[in-house]
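Let me begin by handing over the structure; questions about it come next.
Order as written gives the chain letters A, B and C; numbering starts at 1 within each chain.
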Amino acid sequence: MRYDIAVIGAGVTGSMIARELAKYNLSVVVLEKENDVAMGSSKANSGIVHAGYDARPGTLKARLNVAGCAMMPKVASELGVPYRQNGSLVVAFCDEEMAAVQELYARGRLNGVEHLYVLGREQLFSLEPHLSPAAVGALYAPDAGIVCPYSLTIAAMGNAMDNGVELKRNFPVMSLADRGASFEISSPGETVEAAFVINAAGLYADRVAAMVGDGFFTIRPRRGEYYLFDRSIGNVVRQTVFQAPTAMGKGVLVTPTAHGNLLIGPTAEDIDDKEDKKTTAAGLEKMTLAAAKSVPGLPLNGVITAFTGLRAVGSTGDFIITQSPTHPRLIHAAAIESPGLASSPAIAAYVEAMLQGMGVLTHKRREFNPYRAPIPCPGKMGEDERYSLIAHDPAYGRIVCRCEEISEGEIRDAIRRNPPAADTDGVKRRVRAGMGRCQGGFCLPLVTELLSAELGIPMDQVTKRGPGSEILSGPVK
Amino acid sequence: MKRENRTIHVSLVVVGGGPAGLAAAIRCREQGIEDLLILERGPRLGGILRQCVHSGFGVHKFNEELTGPEYADRYIDRVRELGIPYRCDTMVTDISADHVVTCVSEEHGLTRIKAGAVILAMGCRERSRGAVRIPGTRPAGVYTAGTAQLFVNLKGYMPGKRVVVLGSGDIGLIMARRMRLEGAEVKAVLELMPYSGGLKRNIVQCLEDFDIPLLLSHTVTEIHGENRLTGVTIARVDENLRPIEETKEFIDCDTLLLSVGLIPENELARAAGVELDPVTGGAVVDEHRETSVGGIFSCGNVLHVHDLVDYVSEEAEIAGESAALYLKGELPRRQTVAARAGNGVRYVVPQRISGGGEELRLFFRPDQVCRGAMISVSSGGELLRVRNRRIVTPGEMESIVLKEEELRRVHGDITIEVGLKS
Amino acid sequence: MKETRQITCIRCPMGCLLTVELTDGAVTKVEGNLCRRGEEYAKMECVHPTRMLTTTVRVSNGAPLPVRSREPLPKDAVFHCMEVLKGVVVTAPVAAGSVIVADICGTGVDMIASTSA
């Protein structure tokens, strides 16, 4: 099969780019090595839409972050993804740290962040009464927000697919070869051709680049460990609370999530293994102590899960979004570490502009629909609306996940809608079944059964996250 | 979906159709309350007993060794006999302090039930891997023992073939045997504490019968495997329950079952403004099992985690009877005092009692194994009652009865203590 | 012939470690028990140990059916009985208490349905 454009990688970068390309009369395919979208850095990060004061002025990071932050409310609303502009604080705990806060303020101004304030102790505590009494002041960026990173990715890809983009999963790119008029891209099972290629392969973007001889950058994973707390303490802080950078590092954050939980983390450890997503006792302990500097006394018995994310840190210190020097029909969109999520809408627009400059994007599709209705969420509806919905489709009245109050109708939607959930983790990321305090104890068997029925496969072929992660070993006997 | 009244009125709503809810509803009806309704989230009445196919239920209540389904069926048959209405596949989403119960189901959509009284009987949930914070990867193959039990006994599927069980509570022990009987290899059962939380009988018949090692003072320190579990690192723990580095050892397995504690499911109670006991995780109740919100009662594992269903039924009968009295305006209202856990005791239920009335049974859980134990109950500095027991353990709930004469001597808060017999 | 065995009494949480002396298969001495129930248990457990067997059998038209032995059966027959039960498939409706396998493995004990299906 020959496509106009192939995007390698269905993380937030690849998915946002795919959605942008869906606006044109082109055939676009997204190639993803995993069983679902958002399986790398986009799955496990802080979910922060940074305001843009952090990046060095003049960098692509600074520019795209400020632009992306401004675009996010509209994009999130088009895609039906919960986004909360909750503001962020960079808290100082001594006078030297206040100097760092002042420096960030100045940098933010240079980067073009419009709303930025330096708060004294009193103003700070009126915003966040549960902070450590040691806090002396903070940088306040009211434009910062929180968004669920995988929800955004899933919705972007879903919207792209609804508009004609094709997604191929379990397609690890093993070779990329320039055949002159087009590239040949192969996985162990299949080969596709594409005239243009976007390398949005996240942690593996350097390996994809190396396939055509581009060795001008490398990507190194930076591990970050997190704790996610139950929603009962999701409102300990309202803003995203960062710590002022010190000689010891950037500190850890304490933030509400877009779904109302509380998140603390991450650690920052540079490693070599691009798949090492394990959590460690030492890392979590260190991270918890660091978080206590901002908000003391967080109850560890409220932790519902721990996870590790890997950030794709590039060798140049900035985002690498550029045409390949040797193969001009290949665009790298690499090293998208923080603030990559915040920047993602702007990155997509930036790549769109590059392709326009190359004369690729000529014909807009008139029928492009930028909207993606969210899956109905009866648990959050008013009683009348909920009653009507169940009357219309009773499956929305059958609760499968008790903790998050998720119905069979929602799970069925997650399995049927683009991009269809193909495993239990995929269902969890789409509609939160199994995401609550019991972590799937009650609903995993029911979700497994629904996947089995919807996909037409036996129960023991249902997986957690693709081939090799089967939930069950086989029938009894 | 049936189109019908979205708001209905009943005397009593029982939230949960497991052993507690069934026994409470039956007793309440037997006390003359006609108009009640049981709401059950599962597809059949019986709650967790449906998946407990092993025997050992009912020894105290019926003087017989019944299986879980048999025990449940005795109550379900009685519910049918009495014509008590119930709705299955119905999830309660809210309970208000003024007894409005909101529920949703496929069949009825959303229903608001205005009730004279409410009995909370929602049971408990299992602590998950996240709650015990075991580091490592996040592969398939790590399940709570109850989830595995549901897969095997209700769905007919095996969660894996080479199993390690963490936690020696009864569910963990029962599942070790169940998996072994169905052909899995059970490599070990690990227990963090220096003693098992399970019944002696289960240790012998579930582990020793099958030569399954029970490793006390051990825990899992890391989970391995990218997609499916490939093994766990275990270690012995020191007296502070911290893993000892030099004792770390890898066990190859594809399944880790967790039996690491149960938590009463009180999210609805919290929404209704019911005061909760931070130790039990259940409501604070008086001897009628009435919570801090008048007319809302609590019983069974949602009140505190029991080790025997027989006691769940007994407690539910108290709640059912009290609810009936409440509805008839006959529930005695007296001044109450607190019943507190003293040395050697983790918690006491009920947490509040009134000084009058006939005899009263106080339930409590010891906080450690104690051989040659003396249980003492005192009030306002005066010793009310002393009882000697050969052994008490945290794995078995204890109780002590205060007689009418002793209750008359209650002047101020009551404290239960467990100490060594001198 | 004499032999000694160590077993844990399960009659109460005390869990006495019993040392049982057997002569030609008969219990001749029990030590370590704090009460009479320990001796009774030792005699039963060492001479004729039995266990209740509970499991499920397949149902051709529905979820697995819980089954149990009507009474405890010889402990050493447990795995043999499990083998036999693996081959059993019933068809709903089944009434609670109905015999699923009569006299399983010649133990004289019936396997019966724990509930209806």
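What we mean here is this: a residue touches a chain if its C-beta (ideal position, glycine included) is under 8 Å from a C-beta of that chain, and two chains touch if they have at least 3 such contacts.
Treat the numbers as computed from the prediction; the structure is a model and nothing was measured.
Relative to the centroid of all protein Cα atoms, the closest per-chain Cα centroid is that of B. Between the chain pairs B-C and A-B, more C-beta pairs are in contact across A-B.
Centre-to-centre separation of chain A and chain C, using mean CA positions: 55 Å. Annotation: 27 Å between the Cα-based centres of chain B and chain C. If you average the CA atoms of chain A and of chain B, the two centres end up 39 Å from each other. Looking at chain B, one finds that residues 152, 154-156, 182 touch two or more other chains. Contact of a single residue of chain A with at least two other chains is seen at positions 476-477. Multi-chain contact residues of chain C, defined as those touching 2 or more other chains: 56, 58, 64. Put simply, chain C touches chain B in their complex at residues 7-10, 12-15, 34, 51-52, 54-56, 58, 63-64, 66-68, 75, 78-79, 82, 96, 114-116.
Against chain A, the residues of chain C that register as touching in their complex are 56, 58, 64, 86. Of all the residues in chain A, the ones that touch chain B in their complex are 228, 275, 277-281, 283-284, 300-301, 303-307, 378-379, 383, 386-387, 390-391, 394-395, 397-399, 402-403, 405, 407, 437-442, 444-445, 449, 459-460, 463-477.
If you check the complex, the residues on chain B that touch chain C are 53-55, 65, 67-70, 72-73, 152-156, 178, 181-182, 199-201, 203-205, 208-209, 371, 390-393, 395-396. Against chain A, the residues of chain B that register as touching in their complex are 1, 3, 6, 41, 89, 91, 93, 102, 104-110, 112, 125-126, 128-131, 133, 135-140, 143-144, 146-147, 150-152, 154-161, 182-183, 221-223, 226-228, 254-255, 265, 267.
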